[in-house]
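Two complexes come next, and they have one chain in common, subunit A, joined by subunit B in the first and subunit C in the second.
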Partner chain A sequence: MTKVKEKIGRAVFAVSAGICILAVVAIFVFLLAKSAPAFAKIGVFNFVFGDTWLPSSSDSYNAPLSGEYGVFTMIVGTLATTVGALAFGGVLGYFTAVFLVFFCPNGLKKVLSSAIGVLAGIPSVVYGFFGVQFLLPILALFAPNNGAGLLATSLVLGLMILPTVVSLSKTSLESVPRAYYEGAVAMGATHTQAVFKTVVPAARSGIVASLVLGVGRALGETMAVVMIAGNSATYPSGLFGSFRVLTANIVLEMGYAGEVQEGALVATGVVLLVFVLLVNILFSLLSARAVKRAVKKTKNKKSRPRVGMRIRDFFGNLAYRMKSSSIGKGTAIFSGTFTALTLVCIVGFVLIKGLPHVTPHFLFGKFVFGSENITIFTSIVTTLMAIALSLAVAVPLGVMTAIFLHEYTAKENLFVRIVRGAIDILGGVPSIVYGLFGLITFVRLFGGTSSILAGGLTVSVMLLPTIVRSTEESLRAVSDSLREGSYALGAGKLRTVFKIVLPSALGGILSAIVLAMGRVVSESAPFLYTAGSVIWAMPTSYADNGATLAVAMYRLAGEGWHTNEAYATAVVLVGIVLILNLLAGFVAKKLQKKWNGEKR
Partner chain B sequence: MKEKKEEIFGQDIRVKNANLWYGDFHALKGVSMEIPARAVTAFIGPSGCGKSTFLKCFNRMNDLVSGCKITGEFRIGETDIYDKTTDINALRKSVGMVFQKPNPFPMSVYDNIAYGPRTFGIRKRAELDEIVESSLRASATWEELKDRLHDSATGLSGGQQQRLCIARALAVQPKIILMDEPTSALDPISTGKIEELCEELKKDTTIVVVTHNMQQATRISDKTGFFLLGELVEYGDTEEIFSSPKDERTERYITGRFG
Partner chain C sequence: MKKVKTKIWLVCTAVLCAFASCGGEKHITVISRTAGSGTRSAFEELVANEDGRKLGGKDENGKEYSLLVKTALEKSETGDVKTAVASDKNAIGYISFGSLDSSVKALALNGVEATEESVSNGSYELQRPFVVMTNATATLTPRAEDFMQYLQSAESEAFASEAGAVWVSDPKTRGSEDFPVPVTDWTAKPALPSAGENGKVVINGSTSMQKFIERAALGYAEEYSASVTDIFTIELQSSSVGRKGAETDTTGNFIGLSSASVAGNEKVRAFTVCLDAIVVIVNLASPLQTVTAQQLFDIYTGKIVRFSELGA
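Here is the complex of A and B:
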């Protein structure tokens, strides 16, 4: 009886893990199937290296092409803005991390760390809108093209990758053994020297990995770039020329694409995906090496010089090259302050401009079609519906997959490795590619029109990797001695998992779920063509379409004559993100306390 | 399956030619031993000698270690515990275990003790109440904890936690209790309490205890086995082992010349 139950349990967990693999396979199969005819018609070389993009919506696969489909300008644009973002956000993030770990007063450290968490949660559309309303007017004072272009995009994207870089660099700096620092100080080094010449070099691999992950983010970012790049399909010319990135191409034209054009847009997604996957492979190689190096260091002092060392040396010893560590210290303090001020600036700007327009009517009033009296109640309802659906799908699947990975597999067999690989790939897929995937699968499946159902399902696939990873992390934090205690009392695997392990991991899992909610609220690219962008009709069922808050904000900001409402929506979005962030921390702490006992 | 559950009656443990590998590492080499019922048997030896590994064979906790391979014959009473038809969960119910580090579950004192009985289907409140009280009494913790039954177990002191873990093991009425260095994380006073408890418990249970502390072995055990590098070097009455060891290595160990 119990044996049968155990077997069923195991099977259910394994099936969940299998679904993760299926999701990855489905994404690749659908994207390739949809883009293959376009690649064949246009020619892979012409598509990738052609620099003219003049699509014609009347082009079809059984007639000669009248438009031109080359995305090379956008590849260049994407790479240029990524490099720009890295130069700004990467360096700023690196020094901010150093500041946080070594030069920051303790009280401030907590505040600033969680503030950077908030920065990570702020929706892409809000960044874009901030760029349009705050950054562009300033740049326009001395630059052509209203200030739009490479510089503005790089600055905004840099801010967006900042949290990734900071949090990962911070972790790797903090995991450097304290003894390194003490050893340096004991030999007469100052605090600053010890930090920059001993601790930072030891954390190099982790820092470089964080920069690579930031690059992955920058490559896949969509909405903010769309709002400030200018979007003409040309090479970026200087700092202020209008240009287009790969992600923007998809968002801008997917709504009205003809047959070949649509294939070409999916093909754009494939090119983007290839770039992102390459970056992710690089990331996992680097972090694997970081682990290896850490192990090796204790075993064997001698290490061969590698090509990668030179890149690492550049960042690790940036301060060293400035001849003096005190410049490094100054830069770190400056960066930390700058990051904090930027955060205050973004949130403050949005609040000051938007708060007066957040009225009860705006939030909960009825939207009369054709009226200029805009309300976002329908979007609030749509967002809640999307959250409910995507969590209902992603949470059980993700948690069960994590249980399978962590509790049921003692050894890394082939299936487990494939599941882990699938999760890693899912985690790297840019949100616009999820949007594309949802459009050509769920939307088509449900009759060809966008619906909250299709949008919710699309986003649930996107949430899977986050939920699996954070659940696994929480499971890992549960001490093995508790599992042993349960087994030693004759409890089976299922009982041990459900009565001992899961309750102990609950805090971590719940806070991951809360953060996933934040993700649903702030994402717009995957919803735009799957759930739709209607803000005037109240959805009555999941078959209806609707704009989530972030999509509504994109629409309002883009149309140009509802700027106040866009500000107000931004306030609502930032408010929700703030609340969810606080809630996640609170939930984790509260439950942890409950399970660890009051005294301790 | 059903009839198997009730089969583990005996209390004496008989092991013939036990070998155990962790991957390539040969951790137990041809160990044979008979452990008498209703007595305290101590395993001593330096770290890594295989004594804990051997202990964990009796409730098949080694099954949880991947790459672990076991050969030889392990019998409790007449039951071959490594037989394919043996119900592992029922085995672990009859063979309780107390760990080196107290590992109370992060729940109340009451729920900790009720965890085992609930696992085996006891749901009635009155019945559980009784089990909780008798288990706590048996582990000499009732007076201290009777007013804190619904407090979190992780808030207790280390010694209380360990006695709670003993109570938790007793709650499913095991025939045998395995203790893996049960006092190594405790202060002398708590250690004394647990040693007294062993004296009390051996009236109806078989106790096997792994210890690093030779004084402890002499204080509480009737039989002692000395392990070295995966072999059982010497096994006999505790008094004899400590007063006139037959093997030179045993003598050197108990006189503190290595280990």
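Here is the complex of A and C:
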């Protein structure tokens, strides 16, 4: 009896892991199936390297094309703004991480670290709105145009990848053995010299990996760029001048698209996906090598410098090359301060502009059709419904997959490797591509009109990797002696997992769920074409359509005559992100303490 | 060390010079809409130079073309255009007359201001029809039929003017030479007609027609003392979505809105409910008052890059 139960349990876990693979396969199959006719009609080469984008919404597959479909300008635009973001956010992030680990007073360190967590959680529409209302007017003072263009997108995207770069660089700096630093100091180096000449070079592969991950994020970012890039389908020219990126192309034209145009837009998503996957493969190669190098280092001291390593040396030794560590120190302190000030600036700007407009009517008023008196209550309800649905799908699946990966697989067989690969790919897919996927699967499945059901399901796929990874992380943190103790007392595997392991990991899992909620709140790209994009009446069922808060904000900011309401929505969004961040930390700590307290 | 310092100075000066050279009069920020927008295709179709070359559309081989200057900003919403123009002294854009408000200034075209009179007598040239349509073959649900009758009646006159558009009463302009659409009488039925299985009439199409359809839907709902959101599902995306929706509809419960003419399209049953002017807008601080079609063409093709070149 027990044996059967165990087997069923194992099978259920394996099936949910299989669903993750299925999700990846489905994304690729549907995107390719939808874009293949467009690729065939336009020609892959013409599509990728053509530099005229002039779609005609009356084009169809069984008639000669009258429009032109080439995305090369957008590929260049995407790459240019990614490089710009890296130059700003990457360097700033690297020095901020150094500042946090080595030059920051302890009290400030905690505050700043959690502040960077908040920066990561701020929805991209809020970044975009901040760019439009705050950054563009400043840039316009010395720009030949209204400030839109490469500089503006690079700055805003740089800020958006900053948290990724900081947190990963920080981890790798912290994992450098203390002995390196102590050795350097013992040899007579100053604190600054020890940091920049021994610890930083030792951590450089981790730092480079963090930059690569930042690149992945910058490539896939959508809403913020749409709001500030200008969006004409041309090459970026200089620091100022309108241009368009791949993600923006999809968001801008999906609503209008004709038959071939729609295929071409899905094809744009495929091109984007290819870029992001390449970057992610690079990332995993780099981090794998980082581990290998660390192992190798203890064995043989000297390794031949290769081209890849030279590039890494460049960043690792940036300060060293300046021939003076004190410049590095100064830059680190400046970067830390700058990051902190930026956060204060964004949050402060939004609060000052928006708080006066957050009225009870605005939050909880009744929706009246055609009224100028905007209320976002229906959007709040829509968001809650989307959260409930996506968590109900993603949490059980994600947690079971993590259990399968960590508790049921002693060795890495092929299936496990594929599951891990699938999760990594899901983690890298840009949110706008999820939106496309949802549009051509769930929306079509439910009768062709957008619904909260379709939106929620789309986002649940997006949440899977986050939940799997952080659950696995917390399972890993559970000491093996607990499991062994349980087995020793005669408990089976299932019972051990559910009665011992999961409760011990509960804090970590719950905080992951809270962060996933934050993700649903802040995402707008996947909802725009799946759940609906107009602020509409109170949803009565999951079949109704509605705009989530972030989508509503994009809408209000775009319409132009509701700017105050857009600020107010931004306040609500930032407020929710702050609360969820605090809650996640609190939950993790509290539950961990409780569990440890009971057991010891 | 000294070398490094010199280098830094050089770079700084170069950057400063670059910025300094940007001074003087700024370039015109040309603002257009994204491809597929009904307003954009109407605008490109209507703006032509003195040789009759249009800003965009289909050439003699049926190939899509656009002469739009490469540096133009493309916005996906009317509101985005307004925001951009309202916040930029050097911007020029175009929107539907109904969306005009006090945040921006409308220019006269060839000396003619867009007014109800100049639009209806055709002296203001930048105008296009607002079209309402349903599928040509599907049997309409009672509610869709009733609402179409309502739009076809004189009731819609008030909504047109509230939306800043000019109501059309001439049957031949409403339909065509061969199929005139007369103004009908409409009275409320004893009870709200049913909308079939779907429960609500679906309306989709041009965002430019938002104000008109909102007012009309509100008016219709009031006649039956019901709530708009119980009668309709309105999600406006674009003219092409509205047209395609009507072409492929089989439920008889879909009403499409288009802000471009659908004349000659046999898959839909359509009529023109009102005429809308497209107005060229500039910032409130701009000294500009009027613009000619040729100047507009030159600005949007990038031949004129500064407002001072207009000689205003």
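Heads up, the rule we're going with is that the second predicted complex is superposed on the first by the 597 of 600 C-alpha atoms of A that agree within 3 Å, B and C clash if a C-alpha of one lies under 4 Å from a C-alpha of the other, contacts with A are read in each partner's own complex, and residues count from 1 in each chain.
Basically, a contact is a pair of C-beta atoms (placed from the backbone, for glycine too) under 8 Å apart; a residue touches a chain by one contact, two chains touch by 3 or more.
Note that the coordinates shown come from a computational prediction; the quantities given were computed from them, not determined experimentally.
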*For A:487, is the partner it touches subunit B (first), subunit C (second), both, or none of the two (neither)?*
first
*asked:* One more residue to check, A:177. First (subunit B), second (subunit C), both or neither?
replied: neither
*Could you look at A:55 and tell me whether it touches subunit B, subunit C, both or neither (first, second, both, neither)?*
second
*Would you sort A:367 into first (subunit B), second (subunit C), both or neither based on which partner it touches?*
second
*First (subunit B), second (subunit C), both or neither touched by A:255*: second
*After superposition on the shared chain, which partner residues are touched by A:537: those of subunit B (first), subunit C (second), both, or neither?*
second
*Of the two partners subunit B and subunit C, indicate the one touching more residues belonging to subunit A.*
C
_I'd like to know which partner A:396 touches here: subunit B for first, subunit C for second, both or neither._
neither
*asked:* If we count contacts the way the header does, which residues on subunit C are in touch with subunit A in the complex?
replied: 1, 19, 22, 26-27, 29, 32, 34-37, 58, 62-66, 68, 70-84, 86-88, 90-91, 101, 103, 202, 214-215, 217-218, 221, 227-229, 233-238, 240-241, 244
*If you look only at subunit A, which of its residues touch subunit C in the complex?*
53-58, 64, 66-68, 132, 136-137, 140, 142-146, 148, 230-234, 237, 241-242, 244, 251-253, 255-258, 261, 323, 367, 369-370, 449-450, 532-534, 536-537, 545, 558-561, 563
*subunit B - residues contacting subunit A, complex*: 1, 59, 61, 64, 66-67, 89-93, 96-97, 99, 101, 103-107, 115-116, 119-120, 151-155, 165, 168-169, 172
*asked:* Please output the residues of subunit A touching subunit B within their complex, sorted ascending.
replied: 1-3, 410-411, 479, 481-482, 484-492, 495, 499-500, 503-504, 594-600
